[in-house]
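Have a look at the structure below before the remarks.
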Amino acid sequence: MATVRLLPDAELSPEAAEVFGEIRALRGTDYVNNFWRAMAHDPKGIRALWDRLKVVMAPGALDPLTKEMVYVAVSTANGCEYCIHSHTAAARGKGMTPAQHAELLAVIGMAMQTNGLVQGLGVEVDSVFRA
Amino acid sequence: MATVRLLPDAELSPEAAEVFGEIRALRGTDYVNNFWRAMAHDPKGIRALWDRLKVVMAPGALDPLTKEMVYVAVSTANGCEYCIHSHTAAARGKGMTPAQHAELLAVIGMAMQTNGLVQGLGVEVDSVFRA
Amino acid sequence: MATVRLLPDAELSPEAAEVFGEIRALRGTDYVNNFWRAMAHDPKGIRALWDRLKVVMAPGALDPLTKEMVYVAVSTANGCEYCIHSHTAAARGKGMTPAQHAELLAVIGMAMQTNGLVQGLGVEVDSVFRA
Amino acid sequence: MATVRLLPDAELSPEAAEVFGEIRALRGTDYVNNFWRAMAHDPKGIRALWDRLKVVMAPGALDPLTKEMVYVAVSTANGCEYCIHSHTAAARGKGMTPAQHAELLAVIGMAMQTNGLVQGLGVEVDSVFRA
Amino acid sequence: MATVRLLPDAELSPEAAEVFGEIRALRGTDYVNNFWRAMAHDPKGIRALWDRLKVVMAPGALDPLTKEMVYVAVSTANGCEYCIHSHTAAARGKGMTPAQHAELLAVIGMAMQTNGLVQGLGVEVDSVFRA
Amino acid sequence: MATVRLLPDAELSPEAAEVFGEIRALRGTDYVNNFWRAMAHDPKGIRALWDRLKVVMAPGALDPLTKEMVYVAVSTANGCEYCIHSHTAAARGKGMTPAQHAELLAVIGMAMQTNGLVQGLGVEVDSVFRA
């Protein structure tokens, strides 16, 4: 019960159906998750997002697992429950071990803590940190 | 001009001075950044933080560079300017290349974007994502 | 099951009951949503909030639909699920079309993305942008 | 160099001038801080805000110092530099000691940390915590 | 002094130079703001962002001024100083009057306030608000 | 259904079981809440967190109830539903009255509102507020 109805396959626009086909092909599964069924109301938006997401999350200077963990980190700081669950699952699918998950969470917690301390202290950036 | 005065070495409590010594030894530099000079007002707090930070950021199931990039991701989502600058510098010190930095930022931007879309759409978590 | 009990009409203080009457009259419906039943524990608070809300959301230099969309934007960035749902519903009630909703979400997503990029890049404000 | 010009006394509307007079009287100082000089562009807004702020921050079931510390906590989590500085100064003016400030920051840091851990772990609320 | 160096025109990659050309043409000014000079380190990223931004912010079901105000709202909730300044300036350039700006800020402030109240009260979404 | 399984007592590591014992002893109840059952996957993390939490939340320059209210304030600004519920319950357990709760929420709401106004206005910190 999102703010829009989740579209079943039978109601997809041709553009959204095409993106769904690419998602299924890339992931090797028929399952398409709720986010895309909500995004499907915007044919141009879903295409633009999917095209960019594929590029950004592909192997590059950073490996896909590292990218998923960074995704989880941002989603956690923003409190996006859906994103935390979907990208934690994606990270597991890309090989994240329980030990790596525990360390990821420990770093997130530590960063949250020092973010709070630094902001509360109002510390100004050391000039040595400037690029 | 933080919300507390940055303490020079001459005004450190013995506990804070000891932590400063450990920071200098671990980092191999005499420079101690502003955050620690602000934290130094709380002798027990600076000790607890430093001891935990050393453990959390040490090599483990995740390598130190990955941890720094996760730290940057959280700090960016929280908008902590100081933390963004200090941990981007730390990531560079641990070998982050310009290409890795660019990909890190691209993933952060993508995560921010879909965090907003998911929350605005109010999408409920797919049961397949639950642990 | 909020952090306070939602008050039924029979348990309202005279002050809260008066506000409920005004909400019903302005909205032309007997239904009063959960938020106000939670706020009703604070007779002065509910009065102050309602009085200010009526003024802020009334037609003025900006039309009521634009105001609701701005409300959705803030609530999405803050991840307030309740507010996203209630103000998306309010925007629909004031005429927001599916196409407008899709564009609203696209702008929110784009703003989230560049907020992350800008903060991660630590870009300083151009002097031409200063008032 | 805010997004609006800070208004000097000579340019205040009669409504804003009246609020400035009340601020000066209540605080016992001629100094009016930048926030109010920015808010002064909105004569009705500045009046509504000041009237409510006086009530909310007045002694009640909570004392004014506790309220200022809660204000600092919210402002820190939101990363509002101005608010952190102004309300830390206000808390000091109401008697906050360095030891209290250090403990306030420690609690804020701890809360930030467990907020991150809880969200990253996706923990569901225990039924015993529901009101 | 961002986390990357702001690139002058002479150091742009061909891809970034092409985007700069399009920015100048669309805006009718030779000035290119700092954000794009920081983004220019990522030739593919700057192209993808600019192409999508043009589409998202173009006139459509929502007019460009409404879109800029939504952008300001998100940026304010996220505390992105640069984005607040640049998009407030853009909104002014698209005709936002001082009265509209004051109302925009009032709605943002009201949304922030009720976001906090709703979350602190833990109110569950009324079923009538579900799509 | 968190991102990790909640561990029952029978599956705890010796280190986690020891922390659970201390939680039960300090709180005088056999009930251990979900957060700790999720944290129990990280034996060193749960120990470090519990040891620091006990110190930070203990009576000191600030009393435990004030600390719980500050915790609620941070958690509300971060939108951590679990933390809001658990620490509101903890504050009630330490004597928070309904009147105090109402004032706490009013201050949080006011801070959220002025955080938004201040950031949207881009107000620079008055030099008098600097430490």
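Things to note:
So that you can tell them apart, the chains are marked A, B, C, D, E and F in the order they are listed, and the count of residues begins at 1 in each.
The rule is short, and it goes like this: a contact is a pair of C-beta atoms (placed from the backbone, for glycine too) under 8 Å apart; a residue touches a chain by one contact, two chains touch by 3 or more.
The shown structure was predicted, so the numbers you read here are calculated from the model rather than taken from an experiment.
Matching residue numbers shows that C-D is the pair in C-D, A-C or A-B whose interface repeats A-E, with more than half of the contact pairs in common.
Where subunit B touches subunit E, the two copies mostly use different residue numbers: shared numbers make up under half of all numbers in play. Of all chains, the one whose CA centroid is most distant from that of subunit F is E. Farthest from subunit A, judged by the mean position of CA atoms in each chain, is D.
Note: centroid distance subunit B to subunit F, computed from Cα atoms, is 21 Å.
Averaging Cα coordinates per chain places subunit E and subunit F 34 Å apart. Residue positions 1-4, 49, 52, 74, 76-81, 84-85, 88, 102, 104-106, 108-117, 119-122, 130-131 of subunit E each touch two or more of the other chains.
Chain contacts here are complete: no pair of chains fails to touch. Remark: subunit F residues 1-5, 44, 48, 52, 55, 130-131 touch subunit B in the complex. Residues 3-4, 41-42, 45, 49, 74, 78-80, 131 of subunit D touch subunit E in their complex. Subunit D meets subunit A in the complex at residues 72, 76-77, 79, 81, 84-85, 88, 104-105, 108-117, 119-122.
Within the complex formed with subunit A, the subunit C residues making contact are 79, 84-85, 88, 98, 101-102, 105-106, 109, 116, 122. Across the complex, subunit E is touched by residues 1-4, 6, 31, 33-35, 38-39, 49, 52-53, 56-57, 60-62, 66-67, 69-71, 73-78, 80-83, 85-89, 97, 99-100, 102-104, 106-108, 110-115, 117-126, 128-131 of subunit C.
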